[in-house]
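Below, chain A partners chain B and then partners chain C, in two separate complexes.
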Partner chain A sequence: MAFRHFYFKTLNKQISLNHYIQPSLLSTCLIVQKRTGTAKPKIKKSAAKTQKNKGFLKKNLLKKSVNEDVEPTLSTSFTKNKELYLPPPVVVLEEMLPEVYVEENIGKIYRFPPEIIPKFEIFKFPPILEQEFSPLPYPSLAIRQSSIQLTKLIENASQKSSAETRIILSGEMGVGKSALLLQTVNYALCKPWIVIYIPFAIKFVNSSYPYIKNKITNEFVQPTLSAELLKQIKAVNGKLLQDITLTRDYKLNKHIIKSNSPVIGLMDIGIKDISCAFQAFEIFLDEIGKNVNYPILLAVDVVNAFYTSTEYTDVDDTYLDPDRLSLPRTILDYFAGKRDFTYGAVIGALSLCHKPYISKPLNIALGLSTPSPWKQYPQNILNYAVGLQRFDVPNYSQTEAKGVLDYYCDGSSILQQSRDKLFQKTFIATNGNPRKLYLSCWKGL
Partner chain B sequence: MLKSFLRRNTYNIQTKFLNTLFLRSVFTGSTTGFKLPLPPEFSQIEDAIEVFKPSEQPASISYFTAKPHYNDLLIYLDELFEKYRNAPKLKRDKNSPTLWILKDHLSSQLGLKLKSTQYRNITRKLNRLDIVVPETAPKLHDFLELFRRIDLEKKKKELEANKTPNRYGVSYAVGKRKEAAAQVWIVEGDGKVFINSVPVADYFSLLKDRETVLYPLNLVDSLNKYNVWAKVKGGGTSGQAGAIAHGITKNLIIHEPSLKPALRKAKLVTRDIRSVERKKPGLAKARKRYTWVKR
Partner chain C sequence: MVLHLLGVNLPENKIVRVALTYFYGIGHKTAQRICSKLSIHKTCKLHELSESQIQQISMELSNMKIETDLKREVINNIMHHRSIGTYKGKRHAMGYPVRGQRTKTNARTARRLNGRWIRKEGFST
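What follows is the complex of A and B.
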């Protein structure tokens, strides 16, 4: 029998209750349940008064928004055992600032700084990580050995051209590649770098955005997607971009923008006029690349989607390669080193979750698999995979896994005594794989 | 087996016994064999023997005996003794005599009814041959193996060996569940578990199966004390997990017998005998009935 431990948000901030409940029986998986079911708390509605008009329409004049004034109560009445239904203890976490990426902090959990969370809400978290953050009080990640190594690489890259730091994060499924990328993006945002973060590259190539053929270049442009990307970059990096000015005049369709005007003006043109959005994006990347004040980080998750054939079709109903689509092609240029930023880095993370988008040419270029002598691999894709640096992400070490499990246990009512045993068992059962650890703790899978 | 062996290795006519005309010497009283005082009626024996033409001569002397197979065996054993006369021999240990097959067993194997004296003759000859050093005469000892009785003491020792960890501290046991069988080795170590040379986290995709495998160790608080190596085949995922768990419990009992009551209470010691129920006639499956029709 497992005890159910209900957790619900209240209006006022919770006072931390040092109240650890000690049930006589413990289940093997953690006992937290977030209220995601269909059962809703009974909310007392104030009676909506209607006014009888002469017309046949009745209007509810006194409409009150339900959530404001009334406190939600639980549907069942707890006359006994109220102690068992207290909310879990609040865990206080420190912010994940650049100073935190130190060897001593390996295994400790930090939350994203509150100034940076709105920026991630614009870029959006990768979908899998978003699910993983939902049971936790705030989005938080553990500092690992690999995060320290990667931030060191980026620190060195801040004084070099981006063509010298083109990293791809690789590793088995669920090992923490997207999470690591998120940590580096957070690091770059804290140290003011200009960050272009694409959390889910598959949406660029899965034919979910409209596309149109450019007859001059014979490439296909995604206008709405380019505009959306420009909008996101402007919202996140607005303050830093104000300092950057254009080096020469540009003409986009009917719009003219002169040199020495801020780059933001260029972006505004792209956002408002979708037909020249991609053009504006290309020019924007060029101009930003020339600036010497702020290094630039181009981070792409599920980067293998850019190395497989897309779901867009050509005129003759054949699937397009990613170099035929303008937006993926410009990003691939930076990965291939054909274009670069004066100061900055380009990082991509592989993802094994979406099987159709696993790229064999990219795996061969990175040395993850051997080429078969009986197969031909598309040369145009292989050309974009030259000179990439592979960064292997390992499973959790004992200290890291212990830190993460302690954090999960803090948020629920598991005794300190039984934590050691639970840790030993889960570590052997999951072999330190982060996703398996998360699933075993929160979903019993 | 013995019978067929004897049939295959019948005493050949070209041996020195017949060449020396042993028969003739026995009945005629010549100087080559031993003399027997012959009654006058046997004066015509020489003529009688000449009745046997070379083509009609029997394959073995035992043709003239009442129990040819028994005599063939004796002759063969004598021949072997002659062959290994000069071979190096061990000193016979009176306290530990070799155990030969019992008389009844040997009789049934030869297809004869052996008397005790006959049995004693055979064992006496076998004892003579047994002294020869085994390393110099492997074939001889392979032949003698046919006559050896199963050494119960040795069997007991072998059983004991399986029930204790060997000199490297490794214990071995077999666990079974449904149609799966697992060979499990345990040694004192870190806390690593490998199944078919794959870590347990990668072999089983369900946490439930991984937990069944680790449950015996978890129960006894020895997760970090032992390394487990398991080879499993047959059955499905949870069957294999149960088989490995059963093997691990057996191994734990070998290492520490005091854990048995705790494991028994957790129902890990008994081999779970539940298996797929058979299909019955008149039913679609074991319990499922066909649709009931009113008319």
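What follows is the complex of A and C.
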């Protein structure tokens, strides 16, 4: 108990307390002691505010200049403090135009043209490739032998019906099927073709969009998904679609659209009135299929999702097959050759990343696996897999792998080892598998 | 925001399939069956439903035995056993396990829960 610091004013109180305190503890000087405590009144600081320090890591958000053809000075994904981290070195890449798909350019890296990148931002990249593009300054891919072969097939298809060019890209996991499809879509967009690109077919069948039963056809329609797809196609191909007109009158619910009006009017009806969005989409595909001016590319990634049972349920709580959903069924009709475009091609890419959506019937139809004599496979799905051409995508060759590794080393401040050693180490360990090569460089073996 | 349906408050931000389990008498299976019958997709939240869909759900639920009706049926079944003087009724009344479990140790839940309806209603034979 501290009885030392008494205020001079409280003398009376102190005298009463003296009864309880032994006289030896008291000293006479205490009674008259003035306040000498260390507690001082707080002095308020002046109004001048101290500047806040910016902190250890500051966000360095650069505005993306997509439309301008400006050489990048900093990576758009580089957000770390400049004083503490070196920015990655800038690598100047040429644009991936159709002329670039030539034998001499195998192993060279090209970036997507600045006019095409906004179109990919509308369609969106496949989720895995989007992650792979993030450490690089801008989305870029290497020209491979298979990209040249596929673009030659597409070039031949521009004068043939789409029923004659129905290709499925197959191969091991991480071999570059989605990337190859992306390159083909880029080629078609530059040409120009009318492109319908679905980067992630699983969202059509994983019960994430509303669905309504059509009692007449016994099929289920996905109105919001159809409207979203129409909106994307219109945003990407708007300029080309203005030249295409309807061949006859159509009536959609309460809307009537006359012949010789542009196809875009039909798409606008589907986008605004969701209840007739799927009907508008079907009529749209019919009409653009008839046109002779522009070939059409229908590209679907993770196409195996359309060949497995969906997560949607029927009225009696059984899982629906994809041919009971109107939108996947329409796309499957083009893959099966039941409907076609006058000029164009239909390409799909398998994906082994999503195990529940690996389709045994499709693998059997493509010759990737043998059918078991003890199992019955759904005939309705097998019917949609007839006549598909298989296109196998191999691992990187040595020249391709070397070109890609050189780009990773040039574009990073991390990979500073000798390139020959790095190439030997990673190529032997990964056997040229593109995804494993990417991961071994950016995350270590 | 909260949606009031048949005497139960359902939080609007919940997925429909999960929100329906908030009713006494509806579990995950029946909730899934109701959503399939009305063609409601798996990731649909309550605030995305239209008025007509909510009315359809309430019509479906009113045709089922849930909430107070179900509780009354359970209580009536127990009372029936007590009134006709069966072994089961006696066990309920004494607050012991009914289904042949051991009582030397471990009859905690039975002691806590059994017979509360009988004691509440002041039932005696």
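As a convention for this text, the second predicted complex is superposed on the first by the 354 of 445 C-alpha atoms of A that agree within 3 Å, B and C clash if a C-alpha of one lies under 4 Å from a C-alpha of the other, contacts with A are read in each partner's own complex, and residues count from 1 in each chain.
By our rule, a residue touches a chain if its C-beta (ideal position, glycine included) is under 8 Å from a C-beta of that chain, and two chains touch if they have at least 3 such contacts.
Remember, it's a predicted structure, so these values are computed and weren't measured experimentally.
Superposition model on chain A: chain B and chain C are shown accommodated side by side without a clash.
Once the two complexes are laid over each other on the shared chain, residue contacts for A:211 go to chain C alone; chain B is not touched. Of the two partner chains placed by the overlay, only chain C lies in contact with A:315; chain B stays clear of it. In the superposition on chain A, no contact is made by A:418 with either chain B or chain C.
Of the two partner chains placed around the shared chain by superposition, chain B is the only one that A:428 touches, whereas chain C remains out of contact. Of the two partner chains placed by superposition, only chain B is touched by A:439; chain C is not.
Shared-chain residue A:220: touches chain C; no touch with chain B.
When the two structures are aligned on their common chain, the gap between the nearest CA atoms of chain B and chain C comes to 28 Å.
No residue of chain A lies at the contact with chain B in one complex and also at the contact with chain C in the other. Within the complex formed with chain C, the residues of chain A that make contact are 207-213, 220, 311-317. Residues 32-33, 35-37, 39-44, 48 of chain C touch chain A in their complex. Within the complex formed with chain A, the residues of chain B that make contact are 191-193, 199-202, 206-207, 210-211, 214, 218, 221, 223-224. The part of chain A that touches chain B in the complex is made up of residues 28-29, 421, 424-425, 428-431, 433, 436, 439-440, 444-445.
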